[in-house]
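Order as written gives the chain letters A, B, C and D; numbering starts at 1 within each chain.
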Amino acid sequence: MCGIVGILDAGEVSFSLYYALYALQHRGQESAGIATFDGATINKYRGEGLVAEVFDTPTLGRLKGHCGVGHVRYPTTGTNRPENMQPFLFEFQDLHIAIAHNGNLVNYTELREEYEQRGQIFWSSSDTEVIAKVFTDEIRGGSSVEDAVHLCMRRLRGSYSVVMIINGVLYSFRDPLGIKPLCIGKTRTGYIIASESVAVDALGGTLVRDVRPGELMRVSEEGIACTQIAVANCPAHCIFEYIYFSRADAVVDGALVYDVRRKIGRKLYEEAPVNADSVAPVPDSGTAYTIGYAEGSGIPFVECLMKNRYMGRTFIMPNQKAREQAVRIKLNPVRSHLEGKSIVLVDDSIVRGTTSRRIIELMRSSGAREIHMRIGSPAIKAPCYLGVDMPTREELIASNKAENEVRKSITATTLHHISIEALVEAIGMPHGHLCTGCLTGCYPVQIEGEIDTPRAVNFVDGSFQTNLGTFVEEEDL
Amino acid sequence: MCGIVGILDAGEVSFSLYYALYALQHRGQESAGIATFDGATINKYRGEGLVAEVFDTPTLGRLKGHCGVGHVRYPTTGTNRPENMQPFLFEFQDLHIAIAHNGNLVNYTELREEYEQRGQIFWSSSDTEVIAKVFTDEIRGGSSVEDAVHLCMRRLRGSYSVVMIINGVLYSFRDPLGIKPLCIGKTRTGYIIASESVAVDALGGTLVRDVRPGELMRVSEEGIACTQIAVANCPAHCIFEYIYFSRADAVVDGALVYDVRRKIGRKLYEEAPVNADSVAPVPDSGTAYTIGYAEGSGIPFVECLMKNRYMGRTFIMPNQKAREQAVRIKLNPVRSHLEGKSIVLVDDSIVRGTTSRRIIELMRSSGAREIHMRIGSPAIKAPCYLGVDMPTREELIASNKAENEVRKSITATTLHHISIEALVEAIGMPHGHLCTGCLTGCYPVQIEGEIDTPRAVNFVDGSFQTNLGTFVEEEDL
Amino acid sequence: MCGIVGILDAGEVSFSLYYALYALQHRGQESAGIATFDGATINKYRGEGLVAEVFDTPTLGRLKGHCGVGHVRYPTTGTNRPENMQPFLFEFQDLHIAIAHNGNLVNYTELREEYEQRGQIFWSSSDTEVIAKVFTDEIRGGSSVEDAVHLCMRRLRGSYSVVMIINGVLYSFRDPLGIKPLCIGKTRTGYIIASESVAVDALGGTLVRDVRPGELMRVSEEGIACTQIAVANCPAHCIFEYIYFSRADAVVDGALVYDVRRKIGRKLYEEAPVNADSVAPVPDSGTAYTIGYAEGSGIPFVECLMKNRYMGRTFIMPNQKAREQAVRIKLNPVRSHLEGKSIVLVDDSIVRGTTSRRIIELMRSSGAREIHMRIGSPAIKAPCYLGVDMPTREELIASNKAENEVRKSITATTLHHISIEALVEAIGMPHGHLCTGCLTGCYPVQIEGEIDTPRAVNFVDGSFQTNLGTFVEEEDL
Amino acid sequence: MCGIVGILDAGEVSFSLYYALYALQHRGQESAGIATFDGATINKYRGEGLVAEVFDTPTLGRLKGHCGVGHVRYPTTGTNRPENMQPFLFEFQDLHIAIAHNGNLVNYTELREEYEQRGQIFWSSSDTEVIAKVFTDEIRGGSSVEDAVHLCMRRLRGSYSVVMIINGVLYSFRDPLGIKPLCIGKTRTGYIIASESVAVDALGGTLVRDVRPGELMRVSEEGIACTQIAVANCPAHCIFEYIYFSRADAVVDGALVYDVRRKIGRKLYEEAPVNADSVAPVPDSGTAYTIGYAEGSGIPFVECLMKNRYMGRTFIMPNQKAREQAVRIKLNPVRSHLEGKSIVLVDDSIVRGTTSRRIIELMRSSGAREIHMRIGSPAIKAPCYLGVDMPTREELIASNKAENEVRKSITATTLHHISIEALVEAIGMPHGHLCTGCLTGCYPVQIEGEIDTPRAVNFVDGSFQTNLGTFVEEEDL
């Protein structure tokens, strides 16, 4: 999981990229980077930590240019190497290229070996470098960017939402299944392409639409050109974006995430009603679900756990005892809302079960009588190979235990996960248009050792479909 | 406004002080400091910024000792000097003393001049140094700490909640009016005295009770001794602690802040009902009020502004345009919850009116039809001299304008502030036990140029009232 | 040992103070500080480390003012506390005062206790704070600065060269024995008072003269006024300034240090001639002595040990082995200059003997046949109480061993220390005008438990002697 | 100009690499880096600044492994990009490779274009990346490292001294002309290959010999194998190593640099004798030359300029005036050694002439009567294409002016550069074995637009010549 953004504008873009990355910060806190093209060369700055920690005014001032890309990176086991920080830059003949990517290639190893056989050396263990190699492989013969993206879509297997600048032109494309989100928005004097619409909002812009699965967008001073490179029989949008990753105020592939979650909350009450004194969220992940549950049930919404707004990655936990104490400092139980009470507690998901158990224990130690846990996602039973850093089946509590066993393990009075059907209905698109690999163990791309039902992808004759005017005009796409 | 904490424990206290300061971080983000007594000398570390930024594991590891005090400092105009960072340390004969203070002395200048006349030099412009001088003045003649605190309570005018370590013993006292909060809690192997009960919670401790106005507590390995040094005819607890400063999950002078705010929310509906599509908080300050309003009115609680959780002090705003944009990055309006809707918007207070106006404009630009503003505090009409860094009367919008003028200025459809009577009722103590200086312009201590109705203070014959056993016992006070 | 500087100029002084401290860096590397008066208040910045590490351009830019003082601090055992960093600032009524001090008070503890008895509290363990207390004690009654310095000279026992700014006027005084150096110079548009003339040189200024023992200088926009506050029957200039502390290019109390050392080198040959292949310095401390020895003897000057110019305080030595290796990285023996050779090795002093032994071993391991050690100071037999951080008698190798035993211990072929008589002759002033406490164990001020022959001090009727014109004029004093 | 080092040892090597880089610090202060192989992967750390600034104990502790390479980088115009910091790391199939390089490729652009045509992308603008591509190009087909180095020596034109680790084996090679220095030394339990012998000395090791031009060394746990890959008809050792770059205590291609310089000093007197009061070095660059001059002439060696040992890259010069002042702070003229005197001033070289003029002006302003400048290098008339960052012909003062004009420009009384013949004689090898491009404008490799007399290079049948036993044995090579 990562967040990406590309901006082309009449003015300088570094501060806008910074603001957009701020809005996407929830998609990755491990590192942040910005690259801009200043007319002659690409300037970049990348660093470990939050956007706020990586950038300062002088740094942003040095990142000159009207066009650039940015990236925030999610920590993934074993890949925390400086070389893996994005955007990834390279030079090829007279082209200065910066690329940022959100997703995961299933055939990374296979492609890397092939390129090594051909004498290529690798600097990083990032699949972005493989995308760069495939892309360059086609373009060096004099092919167009469109042809190079065509080759990428033929050769890359997995999820990839990509933004890229080549000498002052912004390109962006999304894998044919549209697994990870990507949308385009319009600001007063330019265009922004980003993982979520909240980045468009942050610049005071207007969401135009999602980038279509299999589509390539070319944004330059002459305007926007959209090319449909490939078309799948049906897409495979990641359901976890709605449940967990995207911000509640994002509109992802047509649906407002907040409303999806509120609807799930209502359906949670319908599927598993309970009599209780109050319904409370695990803050902040459970809030929108809880509001829906309260509306559906009429049970009062009462905050029982107060979140410390200052907890960050730098919180010091010198030993095991401190780690246990951390949950208490992060979430303070409000005794008078808990003592002797029966509470419906709502959260978005249970992964390992550890956190849920600690929270329930905390609430019980403050006197809660009954805790009825309601979860906004179905049980997570299988790993993700397409960009979500999930634990293995061994670590996934629901992969190994029936719901009642999970309930016992987390010490809840009752437990209910939303059904897949209700989730799909809340999202409002056909089940077949979603990737539910982590819930069903059945994936939309071929993955060795797993059950898969790959979508069929057809390649379109790549002529430009639209030229949507210069970027200072207010017309729609 | 600051946060203070003192801890005496069977084990090392630096990490506990750190966790407690984390829980009090909302009371001050300008600087943080910890001082501990290691049996021979006092070790300290202070720095600018958040607790998380100031301390790291090696630093905490070096702060050895079973007893210590900590402080977080609120930025106050013109006093941001390194010398003013607390705890304030000094040595006197063979005593090693560290002191931390929350409050404001009204007669600071007068006392400072007096001591300068006597040949004393000053390092800082902090009133903590004046407290230290008064304290030492008495103790140098061989008087007891009790006598020295007695002198402090006679001579200091204003608000002061103080924690202090003297060679391994923890002392704490609160001004006779109990203006600023202070409470004592018990942990498994020690005691903690802190500005708010949330610091006790953070250590998994139990709140014992508030430190009484005019009381001195002495916490040592032999146990706790409480002495009532002075008694006022009635206290003057700061109402702004309930409205703004204290965390919602804190219990201040007997009342859970969250419930005070929820009750105010209900009363806001009773005093100024309105028909609307939804009721929404200004996050996070308006949340508890909004829940009360929604309960009272039956209007659905719907979040219309989503707060970016990553905004911090380091957010870069290079120019005016960026400052305007900052509110948009901090608070994202949810268009589909606003478009064409009539909204009740609830916040805790209006000071200058600038923020309220920006937020309302933001909501209108996303299509809101009507915005009915409801405020959890009465109109703020006068400055505070007792520890809240309020602007001058000129800058306070309600000091100069009637409510309807304020409404126009912030561009709200309607506006209502809670009445003082309803506020007092929600807090649940007699009006006369509260300081409402900022609402009424009438203060509980003598302040030059202002109307005041000082409380009468009597001094008790300072014999120890209680010895409550050693600190490892579980008995109550 | 520390370095101090005060500057009053027509323009901004912070950068000049910085350059002056750079020139005095050899007098203290533990911390550096600058304080300036900007017309309204004193701005200061102090930090641990070298001048180059502590200051940057923005910091110096913020230190506004036409008048200021600076300090570099030598590490002294047990006193490395941030509070002890200088300049020391305090406020007294409407006076803003910054003071910096080089020296050591013998009666520090006695004075501190007295002031504590009078109710004063102490922030630091620095004797500068005691000087400030004594000074303020007099001035608070409305006395003049001259009277206050008079009181200081009566009450303070030990060495003290002081620079001080009081609201835009620069004051400076030196103890009646003139133990530590202090001189005044003139720049194009102002005056500088500093520990050594090299600071004057650094600003392109002209050395005017030494500040006289017992003299007070007042430098303001109106010009310089000099007052002789006290006069001793004879001064007691520290001999170690000539041997070790002062830079070779400094002129201290009338003598160029380089020439003193070169003369000592010549006398070393006269006192202990030897036949050898070459004469080599321990770089850089022995260089000037070696040049004198080579001149006197006719033996060729050949560098046999090359110093690594990049060794600094941050050199990492994780363990004992590394510490032994450090000397090898710091000083590289030149094998072809050593192999089979007889070498005269010259250094300034032997304190514990450890370094000398390591260097001689290093040279022998590269093949040196004979090493004749010649030392520019007489044997150091006693501690210093007046500002040089010497080890105890137990640690001083010459305090416990005869010269031949020292020779054996450091494994030299022969060893000779310069005689006190030759040293005194090289300095060129009467023996009675020097402090030779560390060589003789007989001190010029009263020190408990030591032999002393205190100088007699008379106090002058403190009328101004001279007004030397405004500071922009080029006249001499 | 850079410094490189490779170490293979029975124990951990990171601290040894650090000490070796310390000894080579004079060869590059812009950045420093270390890479080690820990048995599984390569760990690296690189950063801007001095070795002392880049590394700390925890960082070195994390760089595990018995084999590694290090690099210090000289600032070269326009190439200060983080990607250009060395060692350069890459992965190829199961090989983990780190490479560090000192030198400059004349055909860099040509080779880079060729590889881009073949679809390769470039991360950096460093010629090290081109070396890596050529090397990998051969090795991917299953060829040996020897064959790959053979290809490198055929294809790379210019200077290159290279150290490289491949999965725990240390390789090193030097271009067939041996332009830049490289030597091998033996420590107690391992081997070290470094730019200068001083790195061997720093570890307490013994210099074995220089790496021969065109030779490849393979150092592994089994021992050292040396292969002569290519042989030139005669080498082309850089004369500037003797004059300027190498430390005086280094032995470069058989000659002690200090003695070369001392001999040049003597010859300077023979070629241009003068009657003067004293002979003085520009510290520290002129010291060894000056000692030779003093010996040859009998004129006393007297230091007239004292160098501030604390000047570093962080010295602040906010404006032009300060830059002029910097020379005064860096070099303090000793007035009493200059006033009315005739001085022979000796330095190693004159490049632009600016520094020489400033120093002479400084000496004259302190009263020097005559200044006879003597220079240890012949006049520098042409740029260097082989690794020395020289200015253009336009900026080289001697490229455009006859010696007498240069003398006038720097305001010296007389001026003499050493003759090429005397320089060659002092170095002690035939003129034809040296590169004198910067003195004559005639280069030993083909350079477009310049006169060149390229050496003929023959390729040897690459069988191993020697296996010199395991690395723990004390045998010689």
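The criterion applied here is as follows: contacts are C-beta pairs under 8 Å (C-beta built on N, C-alpha and C of every residue); 3 or more make two chains touch, one makes a residue touch a chain.
Keep in mind the model is a prediction, meaning the values are calculated, not measured.
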Turning angle required so that chain A lies on chain D, C-alpha fit (0 to 180°, nearest 5): 180
Same-site or different-site touching of chain A by its copy chain B, using the half cut: same
Separation of chain A from chain D, taking each centre as the mean of its C-alpha atoms, in whole Å: 50
Between chain D and chain C, distance of the C-alpha-averaged centres to the nearest whole Å: 38
Centroid distance [mean C-alpha coordinates] between chain C and chain A, Å: 63
Residues of chain D whose C-beta touches two or more other chains: none
Overall pattern in which the protein chains touch one another (line/ring/star/complete/other): ring
Each pair of chains that touches, named by its two labels: A-B, A-D, B-C, C-D
Sites on chain C touched by chain D in the complex: 15, 18-19, 22-23, 25-26, 50-53, 55-57, 60-61, 198, 201-204, 247-249, 256, 258-259, 284, 287-288, 291, 294-295, 300-303, 306, 308-312, 314-316, 318, 322, 325, 328-329, 332-334, 336-337
In the complex with chain C, residue positions of chain B that touch it: 83, 89-93, 113, 116-123, 125, 132-133, 136-137, 140
